[in-house]
Structure formats: C-alpha cells, structure tokens
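In the two complexes that follow, subunit A is the common piece, with subunit B as its partner first and subunit C second.
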Partner chain A sequence: MTLRRVVAASAMFVVLAWAATALATGPDPADAEYRSFLGLQPRTVVWFLAELHLMFGAFVLGVPIFAVIIEYVGARNGDRRFDELAHECTRLLAAAYATTAALGGLMSFALFSLYPKVMQHLSGAMHDSFYIYGLCFFGESFTLYLYYYAWDRMRARAPARPRLARALRWPTIALAAVVAPLGTYLFFLNGDAAMASERGVVDPLYPVFGWLGAGFLVVYGVYAWAAGRKALHIYLGVLLNLWGTALMLIANSWASYMMSPSGVDPETLQFSGTTWQAVSNPLWRPLSAHRLLGNLSFGGFVVGAYAAVRFLIARRDSERAHYDWMGYVGNVVGLAGLLLLPFAGYYLGREIYSVNPVMGNDMMGGFFSWAFILQAVLVGLLLIGANYYLWAGMARIEGAQRYRWLIKFIVAGLVVAFLVWITPHNLPLAPAEQARYGSQYHPVLKYLGLMPAKNAAVNFILLSTFFSFLLYRRANKGELVAFRDQGGRARVAVVVALAVSLALVGWYAHTTFTLAPEALSLDPEREGVIDFHGWMLVAHMAVQIAAVALVFRGRGKLGQALLVGSTAVIATGVFGLSGYVVLQKANPFLRNLAVGQTLLVLACMILTTAIDLALFRGARQLGAIRWGRIGTRAQYALLLLCIASVLTMGLMGYVRAGLRQQWHIYGVLKDTSAQAATPLMAEMSRVVGAITVVFLVLVAFVFWLGTLSQRRAEDGDVEVDP
Partner chain B sequence: MNGRGVLFGCVAVLLGAVAFLELVFPHLAQAIAGAAAPLPVPRTLLWWYLGIIAIGEALYVLSSDAALASFLDPLRRAARGELDRGRQALFAVALGLIPVIAGIGVYGLFAVDATPPAVARQQHPGMSSASAAAYQGVGNPLRAPTAEMLVAFADRYAALEAPDDPVDARPPPRDFAALGRDEQLAVFRDVQVREGRALYARSCTPCHGAKLDGDGHASYAWSLPAIDFREPGTIETLVEDAVLWRVAEGGLGLPPIATPWDSVMPRWKDDLTQEQMWQVIMAVYADSGVEPRVLELRHEEAP
Partner chain C sequence: MEHNLLWSLGLATALRIVAFGGLVIAGFIWIATYLTGVSGGADYTAAIGDVSAEAGEAVFFGPGQCATCHSVGAAGSAVRGPNLGVLAGQFDEPIAVRAATRKPGVGAIDYLVESLYEPGAFVTPGFPDGVMTPVHRPPIALADEQIRAVVLYLLAASGVDAGGAQVTAIERAQRRYRRAGGAVADVAPGIRFPKGSARAGKQAFEHFECRLCHVVRGIEWSKPLVGGIGPELTGIGAVQTESYLFESIVNPNAVVLPDPSPDKPYSENGKSKMPEWGYVMTVQQAIDIAAFLKTLTEPPPAEPEAAP
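After this line comes the complex of A and B, so read on.
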C-alpha cells in the first residue's frame, strides 16, 4: 500500500514538474513559424498523430473493399455465411470510423497550430481541395452508417422491378467496363496526364471520365433499386468505396505535394499554379496506387488478427469454425494485397528517382538504405508468415497430406531467396575483414547486394507464395472434370486471362524493342543487350500460348507447371543473371528490366489462377474443409502478420516523410526549426514501436466496443453457423 | 525430413549449411574472384544466414502436428533414457554442449575485445548535408554546351597545341566553325574527355589507378582503398552532381553520417577549377564504361 502511494505521488510530481516547466517557457508569439505544445517536440507529436490516423484510415478504407466483395459473393451464391462475415467486418469498420475521424481532427489542429508556416503554404496552394475533402467526408459518413445500420433491413434478394432490372443489367456492366479501366488509367497509370497537369493542362479525358462516371452511378443506382434491397445495399457498399477512394486521393495529394511540389515558380518559390496542378503532382498517382493496395493488405491482416483473438477465446466449436474461416479470409485478402504491393512500391520508388535522383539515392543507397534492410526483414516476415499460415491451414483439409512433401522444398526455396533478399550491399565489415578482402565489400557476396539479385529474389518469393496458395486451393480436390466438359464460361475465362497476360508481356516486349539506347543516354551498340530481354519476353509469350493449348487438350496441370516454371526460369533465373550484364553495360535499362520481371510474375499469377479456377471447377472432393480444426499456432501467426504489417506501415511512413529531409516542402520550403535534422534509426524505432503499441491497444479497445452488442446477442445463444 | 527423421534432418541441414559456408564457400569465392587467399563469409552475415536457415526449419517443424511430434519424439525419449546407448551418449554430449556454447557466448559478451567494432556506414552519403548543398542541381555544362560555349571553344580549339604525349594526341585540327552541330558537339566532348584524362593521369592515378580500378600504387596505403570506378553500384548509381560534390569537397566534406570513411580523398576544389573537375568526371565515366544516372526523359521535359 505504501509503495503504491509512493509511486502515485512520484508520478504526480513528475507530471506537475513537467507541466510547470513546459508552461514556464511562456506562450509562443502569435506570428511564430513553429510552436510547441507542453514542451513536446512538435514533429514527434505530428508524426505520432499522423501515423495513427493513417493506420486507422488504412483499415477504414481497406476493409470496405473486401467487405462489399464478400457481400456480393454471398448474394450470388446465397450462402448466409458470407453475408454474416461482411456484416461483421463492417461492424469493426463502424467502430473504427469515429476514431479515425477524431485522430484526423487532432492531427489537423496540431499541424495548423504547431506548423503555421507550413500550413500557410499548403492551404495557399491547395485549400480548394480541403472543402472537397470535407464534403466527401460527409458522403463517406452517411453512406457508411446507412450501409451498416440498414444491413438487416436490406437483406431481401427478390427484385423489386424485375423487368427494369433486366433491362439495365447490361448497360450497367458495359458502363462499368468502360469507367473502371479509364479511371485506373487516368489516376494510376497515365504518366503523360501527370506531365500535362504539371504544366497546368488538364487532360480532356478527365471531364469525359467525370461524365461517364456520373452516368454509371445513376444507371447502376436505378438498376440496384430495381434489382431488390440486397442489390441496393451492395450499391451502397460500392459508393462507400468510391467516397473512401476519393478521400484517400485528396489526402494523398497533400502528402505527395510535400515531396514533389508542382505549380511552384522556380524563381520566387511561391505557389503560382492552379489547385489541380498542385494536386496532380508527379508522385500523387504512384503514392495513391501504393496506398490503395497497402490499405487492402493492412485491412486484411488486421481483420485476420481480430479473428485470431476471437478464435483463441472462443468457447464453442461453432464460434471457432466461424473465426477460423474469418481469419483465413483476412489472410487471403492481406496476402492478395501484399503480392501486388511490391509492383506498386517499385512504381513509386522509380517515380521518386525520376522526380529527384538525389532523393532516390538517399532512399536506396544513402540515409534510408538501412530502413530498407528493416523493410526487407518485415516483408520477408509477412510473406513467410502468410506461407506458414497456409501450410498450417492444410491440417484442416482432408486430402492435403498428398502435398505435404512439397512443403520442405518450398521452405528451402523461400529460405535461399530470403538469404539473397537480406544480404546488404554495404554490410558493416570488421577492420580485419576489410583487410582480408582488400575492399569495402566481400568480393563475391557483394553481388547479392545489388538490384538484379534483389529483384530475382523478391519475384521468387512471390512466386513461391503463390505456389503455396495453389497447393492450398487444390488440397482436397481429387479427380478433375475434363476441361472440354467445363462449359463455355471456363473456356472464355481462360482465353480472356490469356489475352490479358499476353497483352501485359507483349506490351513490354514492344516497349523493349522500340526503346532506343540513345533515349537512355546509351551507346547505340548496346541495343543488343536491350533486345535480348525483348526476345525472352516473346519466348515467354509462346509459353503462355502453349500452356493454354495444353489446357484445351486436357493437360491443364502440365500447362500450369509449364507456365510457373517458365516464369521462374525467365523472371528470376535468366533476368536475374542478365541483370548483371545490364548493370555493367546498360545501367539505365535496369529499371525497365525490373518492370519486365514484375509483369512476367503478374501475368503468370493472372493466367495460372484463371486456369486453376477453370480446371478445378466441380472436381471431386476428397474430404471436407473442417473449419475450426486448426492449431493455435496458426492463430499466433495471424497475430504476428498483423503486427508485422503495422510495423511495416510505420517504418515506411517514416521513410516516405523523411525523404524530404530538411525540407517541409521539398526544394520549396525549408525546415528552419530546431528539429530539422532527420530522425536517426534509433529514434525512428522508438517512435514507430510506440505508435504500433498504441495503435494495437486502441484498435483492440475499439473492436471490443464494437462487439459489445454482438455479445449480448450471443449470450441469448444465437447460433453462428460456420 | 519425414517420419522420424525430422530432428535428424534439421540438424543435418544446419550442420551442412555451416560446413558449406565455413569450409566450401571461402574457396569457391576465392576461385570466382581470383583472389590470393580464401574469402570467408563476413561474420555478421554468417550469423544472419544461419539464423534464417534455423527459422526456416522451425517453420517447417511447426507447420504440422506430425512434423512437430517427430521432431520432439527423439528428444523426449532421450530425456527418458529410452534410446540405445550410442544415441543416448550423443544426446548427453549435445546436452553438455549447450552450457559450453552459452559460456563461450557470455565470455564473448564480457571479455575485453581489442578489435575496433564494425560500424554501419553509408555507401552514398546523401546530398542533403551542408557541404553538398552548393552542388545540388548544378548539372554538367560540358555535356550540353550552349552556343556561346561552343563559340568560345572554337577560339580555344584553334589555339590548342599538339600535346607531347602521342597516346593522348588530339585529332587533327579542323575548321571548327565549318563543322555541323553534331560534329561540333562530338569534337567538343572529345577534347573535354582528353583533357580530363590528362588531369586524371596527373591527379587521380596514384590512388584510383591507370585502369580506374582503384589499384593505384598509393591505394595500398589506406585502410579503405580507393574506389574502383568500374565496380557496379559506385559512380554509375550517382548523378554527376553527386560525383562533382565528392571530387570538390573530398573526404573533408563528408557529412558525419558517412563516417567512419577514413577517406583521404583530397579537396580538389582547392587545386582545380570546376570546369577541370567536370572534365575529369567526363573522362572517368568515358573510360570506366559506365554511365551516370540520368533523369527519366518525361520528367526532364517538365517545367
């Protein structure tokens, strides 16, 4: 008792002393460029709040993407479980939403009061976007609460006006088929539009997109109204995602403007452009693509961790079955986002180099290169953890024993690739080692530290993870239905997937062949080095066609093996080795080569998945998937995945913001405060670690709040049907 | 590693990895690099590698109840004394090794170590430090000379005397003004490279070597030898501004984050003009067969 009093009194004393010292410094002048709050470092305050807001925001934007997809699947196949799962994910969303908004508000207050000079510049350049952001926020809030609270009322699937629904079905699909690719192209892929808008010219495709998009929303809305309450509810879910994406795009423009400002007069360093110029800055699109996928993956892993905790504390088998399934879905979603993230990350990194090579060098070769070693460890942890969860999950599938012998080879492949992935180029060497090697590098291992090795290793890890997923999918599938009996849909799906993957690889082969060495400041005689890669891509296109031909001849598994094998050989083996030749003879081409590698892997995943879906449709089941019959170790793996995901997001947030170094707005507005120095790795570890702990505690508390009403229902013994 | 062999398999793989990394790899690396002595794996990396291999094994063992049981079974039976005598003895030896290894570890932690610690340093210190600020965005004017520079060069070109060194002889003088723009540029750059070479031979060869491979006779005097320009991942990953900064400010101008470099690179701005330094840089790139990092075109075109 006495000890407790002493501790309490000491704590009170410390708090009072701190507050007195902080207040004794007096108020900051009204026109101060920087202020502080209770003696805390303003940068750390903003860092903490911004990162927490971003993490909650990622969850709130990521979860609706898959919640609505799960709901749609449930509405299609009539399985109530899917609907319940989507509803449960939305319950978490509703709970986390208010916290996200509160953190956002707190962060804005902190920014405006602690960094008035910065916010003066930002609001001068982009204040128009602030109002649009606020309006979108209303849209998001109303749609979310409608989507969540109207769930039970809008379960009916019977169409209200069947004839109208039938009439509008195809126009809706046709409009979506135009609007979605156009939007993706305009916002994420169109570098020329970025260029044009930097100069203040708006690509005429944007108004076209605006009108088409509005038309789509109207037609789809009427169709959904006619097609029944469930369809209308799904429409609300789609709207929710659109509001969320709009919010994210606007907020991303602020962050990316600070890294790559556009519309600034180079002489006066004053903003002189339009709001659109400021928004459409060079890093806006790549950052948004990266964050969109990051949110999806993050949301998946957080949901997975929630399910794992509920599984571990569940008292009934039915609950365990439900949460096992939920954890599985969370992991698949997290993994799907994660598999695509390196592509978006590479795109972002490459654009950072393009905007400012010095910033690029600081990122990969300089101050932040050790943060990337940490990132390599965390990404490796995520991928290997996700693999482990899939292997452990095979325990619940009858028939999976047939594939267990393969796992040790996947482990071996992953370990070798991970060893290459983690070997740094500039490893700290002991003086004796330096003397022995006669250089700052190990004469042989240094090659593993270079980009060709890294690209090969990460693509191999991605392919291995994809392979694990394929094994999991076919674990309880036995005899196949012959492909010729699979019907027209399967054939069309495979042919469309072939067309998409041929287009991806073919487009890049064409780019490679038409790439003049002079455009990369290279000697014309280096063309042979570049063309070699084009020919390898063409060879792989032949393999793609051969694989599909095999599928049509009833040798689908052989076709898949050929496809995955050829991708592994070309993307990791051949291009891994030829990367060194490129490094030596045509270095600027290396970034193009990396794009070729990632496209090969992406095309392989698309086509192999399509073949897999067509091949195993209606296959004889060797046994059931016994949901809930999984070890607790797998649940801890889900928790680990969530923690690693949160840590990765915190770490890379530090890198993204820190890349500006002593600039608030790169090259335009300098940080002249006492904290202008970039935080060292040790400080980063402390702050990001603290953010991770606070986020996990907050999220656990918010989820607990969200489940209070559900618990009452369960105490009334509502059966959760797995 | 199936059946009862999981434990055995794990131990064998780990020992195999140690044997390969410690006994085979150094000789393999020596053969590949053509070095005079075996090249062992750096200690830090060795521990990373072994740790990751062990984690991989743990993942496999923990991925199914059957694998875990077969991994633990021999240990359980040994602890109960149910194995045959030979294996029981092996188990006792392995058990005895644990405190020995722990003891060696503890000794290593607390014993006074005479070797200086290895420190993480930066291969490319960023250009954000104060000494680099003046060089950011300077751009090599000799790569894309203006019309005025070419006019000024025409006079200088006419006045150039044939150098004594026949190896470095410049091409026969031509009427510069009569040449087309592309030819003018070619002659202009060619002369810059040649003059850069002469400067390099005088100022840089002692350390960086005549072949630009860091094998100059003075290089052996330094604890960090001079950089090999032909090495992938050195000057070819840098924009020319960064190279100019390194040449101009030398080891003295390195920011603290780049320590301990022990770089004895002189501060060349004291001895050379900026134009001369650009000439040397052009010569170094031309002769080492690598290209400087460049902006991608579409952003270069942006205002």
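After this line comes the complex of A and C, so read on.
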C-alpha cells in the first residue's frame, strides 16, 4: 500500500469518525429554537454559506452589467474583440451561476433547519417576496442561458426590419430617458412616502412608472427584434440585468429587514404589517445602492484576476495581449465601481445612524470602529494597487514617459492620505501616556483621527486615483483636435455633464442655505458657519462654469486642471480645515459637510470625464499601445485587487450583520443562542480568511470548467483604444 | 519533453500565485488579530449573570455598550458622552459624587438609575439630548439585574461602597421602572392634589386593613402585620411620588409589579389582586394614605444572614 493510500484511508476514517460522533449526540427537538449540524456551530455554518453565496452572487450580478456594455460598444464600433471579451465574461458567468444557486439553496436549508424561530418570523413577514424571488430566479436562469448559448447565433448586426427599427429608435430612447430617472426618484427619493403607505402606492407616479416601464420593455423589445440579431441579443443582456437587479433587491430586503425591521408592533414585537412594509424598510434602499456598485466593482476585479492568471500562464504573445487587455478592462470596471462606492457607503452609514443612533455609534465609534481601520487598510490596498496597475500599464504605452515624473508625487500624496485615513479615532493611550499628555489622546494624532481629517483624506485618495486614470488615458495622446472641430455631439455632452454637475452641487448649496440652525439643534448665531459652506459650493459651481468656458475657448486641459485643482483645494483643503470649526461650533452639521465634500468630488469626476472624452477624441497618437508588454508584477497587482476585494466584502459582511449585535432581528427578536456574542475581529479574520480561500479555490475551479470548451484565441496583437 | 517543461513552468506560476494569495490573506488575519489586541477588544462571551461591580464592568464594556460613548476615567476612550470617572479639567469628581448633587433631593443611586432608564430626565450640560437610549429597552435591552450591576460598578469605580445596602437601594430605585414594556409616565399630569395628612393616612391604612396584604416595617401598629399578598411598602416614600401612590390605591392595575415568585403572585390573570379602593374609601382618605406612604423613606433593615 502506498503512502498516499494510507493517508487517504486515514483521512476518510477521521471524517467518518467525526461524523458518527457528531450524529451520535442525537437529534435536536422538533420545536427547538436553534439546532446544530454535525456538531458545527450554527452561526459559523450560516456565516460561511451566506458569505460564499454573496460573493458568487456579487460576481453573477456584477459581470452582466459590464458584459452587456462591452458587447454594446463592440456592436457600435464593429470591433469583434469587444464582442469576444463580453462573450468570455459571460462564459465565466454561466459557469458561476449554478454554483451561486447551489450555495443559495444550501444556505436556505441551513437557515431553515438551524434557525427555525428566526425563519418563522422572516417567513411571516416576507413570505410573498419568496415567491416573487423564485419567479425572478426562473427569469434570470432562462435569460442567462439564452444570452450565453445564443451568442454565436445572434452575432449578425444587419437589421431585420430597418424601417421599423428606425421608427422605434427614438421612442425607445425617449421612454428610457423617462423611466430611468423616474425609477431612481421613486426608489431613492420617495422612500419615506412609500413606507408610510401600507401598499406603497402613495405617489400616483408608481402606476405611471409601472406602465411606462412595461411600455419601455415592449417597445425596446420590438425595436431590438427589428434592429437585428445582435440588437436582440443586447436586449437579452439588458433583461438579464433587470432580472438580476430584481433578485438582488428582494434578497437585500431580507437582510436590511433584519437590521431595520418595519411593520412590527412596538408593544408586542410581532410583525403586523404587510410584506411591502417589511420589504420597504429604511435600510433597503441604501443597502441596495451600495451592493449594486459593490457587485460591479467585485465583478470587475474578479475578471481582472482571471485575466491576470491567464496572462501569467499564457504561452503565446497573442494570448498575453488578449488577457492584458481583459485585465485592463476588469481593472477599469472594478475601479469605476470602487470610486463610487464611498458615496454609497456614506449614504448607507448615514441612514444607519438615522435608523438607530445606537447602531450608528456602534459602527463608527464603538465595537466596530476598529473594523473600519481594517477596512481602510484594505481599501487603501485596493486604491494603491489600482494606481500601481495604471502606472505599470503606462509602460506599454509609447509617449507615457512624459507623465512618469508625476507618479512619485501621487504616491507621496496617497501614502500620506492613507496614513491619515487609518489613524484610529479612539487610539487608547497607556495611563502613563495619558498622564504625560494630560489628555486621553495624543496631542497630534487626535486631530488626524477625527472625521474632518478622514473625510479629507478619503476624498483626496479618490481624486488622486481619478487623476492617475486621467494620466493613463492621455498617455499616448499628442496634438488635440480643436474643440470647435469636435462636432455638436461633443459640445452637447460637455454641456449636459455641466448641467448634471451644477445640479448636484447647486441642489446641495440650496439645501445648505435653507438649512435653519434650529433644525440641527444649533444656536441661530451658527448660521454663518453653515452659510460659509454654502458659499464654497457656489464657488465650485463658478469653477465648473469657468472650466467649461475654457474648454469652449480651446483651453480644455487648463479647464480640467482648474476643475480638479479647485476641487482638491475646496473638498479636501478648505472643507478639511473648516471641518474642525464645524466639529467645535456646529457639530451636527458635520454630516452635511461630508455630503458636500463627496458631491464636489463626484461632480468633478463627472464633468472632468466628459471634458476628457470630448477633448481627446481623435487626438494624434504618439505611439501604439503594445498590449501584452506589461510586467508580471502588474498581474500580481490585479490578483491583489481581487483578493483584497473579496476580503473587504467578507469584512463588511461581518460589520453589517454584526451591527445587530445580540439581535437576530434588531430590537425585535433576540439571539438567545450560545453564539449570541459578537465575534472579535481576530475570530472574524480567521473565518473570513477561510471563506476567501474557499471562494478563490471554488471560483478557480468553476472558471477552469468554463474554459474547457474555449477555443484558442486567434493570433495577432490586439489594438484597442484604452 | 517540451510539454513537461511547460507543465513545470505552469506549476511554478501556480505555486507563486497560491503563495501570493496566501500571503495577502495571512497579512489580513495578522492585522486583524493585532488590531484586536490594540483595541483591547474584550471577550463578550464572558458570563455576565451575577449582581456585582465586576459583572457590572463586564456589562458596561460589553452588552450594555456604555463604553461606546462613556469612558470611566482612563478606562475606555469614548468622548461622546460624559466621562464617568475623573478627567482633569472637565470632571473633577467621579460620577457617584457628581450624581449626588445633580438634582436637589435626589440621591446618587436614584439619579444613576434614572439616568439609565430615562436618559433624558437630566442631560449633562454641554452634551446633546436624545443620543442615549433607555438601556432597558431594545436594542440594548439590559435586564434589571444587569442594570443593577452597572450601577454597582459605577459606585465602585467612584470609590463608593458597593455592598448589600446599595444593592437594596438600587433595587428600590428600580421599582418604578419595572413595568412591562414601558417607562413610568407621570400619573394624572396636571391634577394638583390637596395636601394630605400623614397622620390621618396612617389611621386610614389601619382602618382599611391594608396590613393584611402589605408589610410596613419600622412603625408601631395597633394590630400585628400579616402582609405577603402585596409588595412590602417599607421605604416606598423614598422612590415613589404621592401621585403614583394615589393612583395605585384607586387604580391598582395601572402598574402591576412582577410577581416575586410563582407561588406568591401579586396578580391573577394579569390583574392586580388589590381591589380598586375608590369604590370604598373617600378621595380624601386615599390622598391621606398616599401622604402617609410618602413619609416612609427609611429603607428596610438588612436581612440577617443565615447562620452557616
């Protein structure tokens, strides 16, 4: 008998002995509140399965978002490589989908069998949504497999009914232009009104939205049918995203209900509302917004890691070129989601504070505050890794040498901002140190640990990363086409972006000016502190207009520099310092100030991107982008981004679920099990680390399965505009 | 041969990727473990059952979540709420000493108990109102015993004796809050009662044979006390208002105390066993009895310890 057989037989014996011992303890009573499985701790079992399901789910929901966009771009510009890339992403999707579903089923079984009392409550409140979820699941499955398997049969771009397609083109666009903002308004801005009603149909716009939405799907479907097979295929991709979003929203309502239950009788603590009330709980919307962007970023980084691995084991230059490009796209997608995530995260955190100050304090100032130090480390790794990848990628671009000198300054800025960000607010000093300083805090570090410094640091990191991306984009661009020759479309795009950014900042400036100090429990004399920030927002609006004026006068680069520089000065410098004044004199306004900062950065990104697209369109290229000519370290940066993204998701899952502390359903159903205590971060890290390993192994295996039938990439270098 | 070479190259890359991933994950675990040590993350799984200053400290820094906002001297690092110990330049005395002078006529224990059950009753100047949540309500939902332990911890941390007498006093102060699911509201707000006569109230107490159900120690009675059916009223005046006592006489079901033990219930089917005396006695007599009970401020004598 070989050694291998002895080891295998021993391992099997150990497993069987363990299972037999665990089963010998006898079954739990039928009416037990908690049960265990094979002697494993029920919370750990559910934690493991739920997190794995969530990770696969994030990938399965995130990838279709950019796959269909890439496919659309390919259909528009006729470059078959885009189509191949979208197809390859979908191949990974199809392989991961079954695993996601299996994990979801396993998690449901575990929940219903290990936590029957909790599930009894949730079933009572949410039962209607279970059936809708099941139906949406059918829709998602059928659409996904149709989308994937019909790919080759639906490549033809020739319109089937050209006249009908032409006739329906603008009605489709017009309906989309109405339905999308209306849906956004009803979902995010009309939330309180929806909750106030038993059925949620408070606003007459709800039925209007329903009819318009259905009308859009029908008109768009007919248009896609008439516009050719590729258009119809893209329509399937859009449908796939709609099914996926519906699934995500329903599942999010269960998780958010456990944090902020609604429809519960405060005296009896029994659920007495409708399913819609339970679904439309206060944290449903912010959690959904956060997860949507999180899924996009997660999907991008996982695809990037897949491309990195394929790059590292590639044997031909053509393969390396293809996977280099795929890694680049994955990184851009991941980064795009990541740059927007802090805004959604802030929205979610703010709502958590509003729902329950105890929960909010626990999160940022209590038990979980240290978890955010760890999150800062991970997000810092993500941003620095993404920046490094962009800088490394400039090596493959002829002409990028012009900008290399800037990188060291960006690195220095990023490191300083990162250090400020991870400075803990409640860094405990030893008694001797406290006696020396005469204070509970370090005389210098105490300032860096406060929210004004952190807000400034985060916004600076976001701006720096955005700046790196701008450098990358213009790396091989030479002489520009004069803006006046760019055509009407470019001018319209810049003006629309200006309108959006002005609306964002203008809306908040108006909110700031009309905010009465009394509404924040402040003395009326504090109005000056508030108004100062309103005026700074107005100043930024003036800068936006000036930047666009410069663009129209042919000084676009100067306009961009003015906009990015002014945003850095106002959002991080001025507001960073004035934050301390606010902290001292008008503390409740600090939350509003942070919103102003994030809106400034967001507006800057929107407008600068629009200007950048218009400015560099058709610019003379100084050299080619040599795809595949990138170092292996950059591929490890992509792997780092993926692993850090998985760990961040695991960490934030712990925080989100842990915020309920000793409650299954916050304030309603108490956890009386032996595992009611919140695990310490050290324990969390071991569990999340193990989940990450299992996820990465599973995802590698699933991807390998998915590539078994993949045909070999064609020879030849890939030439694609970044 | 070539195939083997490629396979070897692929294996080496795979091993490098696995090692890299392992390193990142191990780094994550190391940092989290380090931060857990730096933050002094206490183990919340510690059993917190008994009523003692030690248990109170565990509750304070654990499920009570008090340390999220309050430090106690150098213990903890929160600044959102007032420091409950001594903090140079801000709080020269510990909380038990400060609490004794916060509200005229209210002792330290009563103040501390009130602050935990009704945080808005008195808000320390310079700190925002409405931030602290009543700790006996969800989401914190501490049990009465845990709250008692927390008060004992605060007394001990202030250098004040936290022995059996204090436990009794805290328990007494807690009585008014021990009402199913809600805080105590002012009884009949806006009604001004005429001043009652404690002497006439004592006579009425005897006349209506209240002694048959309620024990009041420390007073000479013309007939022997029986008691045991209703709660003991010794020291009740120190913790309850006259209006509350009046309400208890005419509407005993307004507040029904929890049964001390299953074999000695105060209530039947959720209703107090006490009759509604408004049908029997005059309004003036009820007011007088309330005035008499209000004079009973001496706490019950400590129970002699059983001989070993």
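Throughout what follows, the second predicted complex is superposed on the first by the 672 of 722 C-alpha atoms of A that agree within 3 Å, B and C clash if a C-alpha of one lies under 4 Å from a C-alpha of the other, contacts with A are read in each partner's own complex, and residues count from 1 in each chain.
Criterion: a residue touches a chain if its C-beta (ideal position, glycine included) is under 8 Å from a C-beta of that chain, and two chains touch if they have at least 3 such contacts.
Because the structure is a prediction, the values reported are computed rather than measured.
When both complexes are superposed on subunit A, subunit B and subunit C occupy overlapping space and clash. Residue contacts after overlaying the shared chain place A:Leu182 against neither subunit B nor subunit C. In the superposed pair of complexes, A:Val358 makes contact with subunit B and with subunit C alike. Shared-chain residue A:Phe418: touches subunit B; no touch with subunit C.
In the superposition on chain A, A:Pro443 makes contact with subunit B only, while subunit C stays out of contact range.
In the superposition on chain A, contact is made by A:Leu639 with subunit C only, not with subunit B. By the document's definition of touching, of the two partners only subunit B reaches A:Gly631; subunit C does not.
By the document's definition of touching, of the two partners only subunit B reaches A:Pro282; subunit C does not.
Between subunit B and subunit C, B contacts the larger number of subunit A residues.
In the superposition on chain A, contact of A:Trp391 is made with subunit B only, not with subunit C.
Contacts of A:Leu583 after superposition: subunit B is touched, whereas subunit C is not reached. Within the superposed arrangement, the part of subunit C that overlaps subunit B, taken from 24-32, 114-122, 168-176 or 222-230, is 114-122. Touched by subunit B in one complex and by subunit C in the other are residues 357-358, 361-362, 365-367, 370, 426-428, 431, 434, 438, 440, 521, 587-588, 661-662, 678 of subunit A.
Subunit A makes touch with subunit C in their complex at residues 267, 269, 309, 312-313, 315, 356-359, 361-362, 365-367, 370, 373-374, 377-378, 424, 426-428, 431, 434, 438, 440-441, 521, 587-588, 636, 639-640, 643-644, 647, 661-663, 666-668, 670, 677-678, 680-682, 684-686, 688-689, 692-693, 696.
Within the complex formed with subunit A, the subunit B residues making contact are 1-2, 28-29, 32-33, 35, 37, 39-45, 48-49, 52-53, 55-57, 59-60, 62-65, 115-128, 136, 214, 223-225, 228, 232-233, 236-239, 241-242, 257, 289-291, 293-299, 301-303. Partner subunit A is touched in their complex by these residues of subunit C: 6, 10, 13-14, 17, 20-21, 24-26, 28-29, 31-33, 35-41, 43-45, 63, 65, 67-69, 71, 74, 76-80, 87-89, 128-129, 131, 133, 138-141, 181.
The touching residues of subunit A, counted against subunit B in their complex, run 191-192, 195, 198-199, 262, 282, 353-355, 357-358, 361-362, 365-367, 369-370, 384, 387-388, 391-392, 394-395, 404-405, 407-408, 411-412, 414-415, 418-419, 422-423, 425-440, 442-447, 449-450, 519-522, 580, 583-585, 587-588, 631, 633, 661-662, 678.
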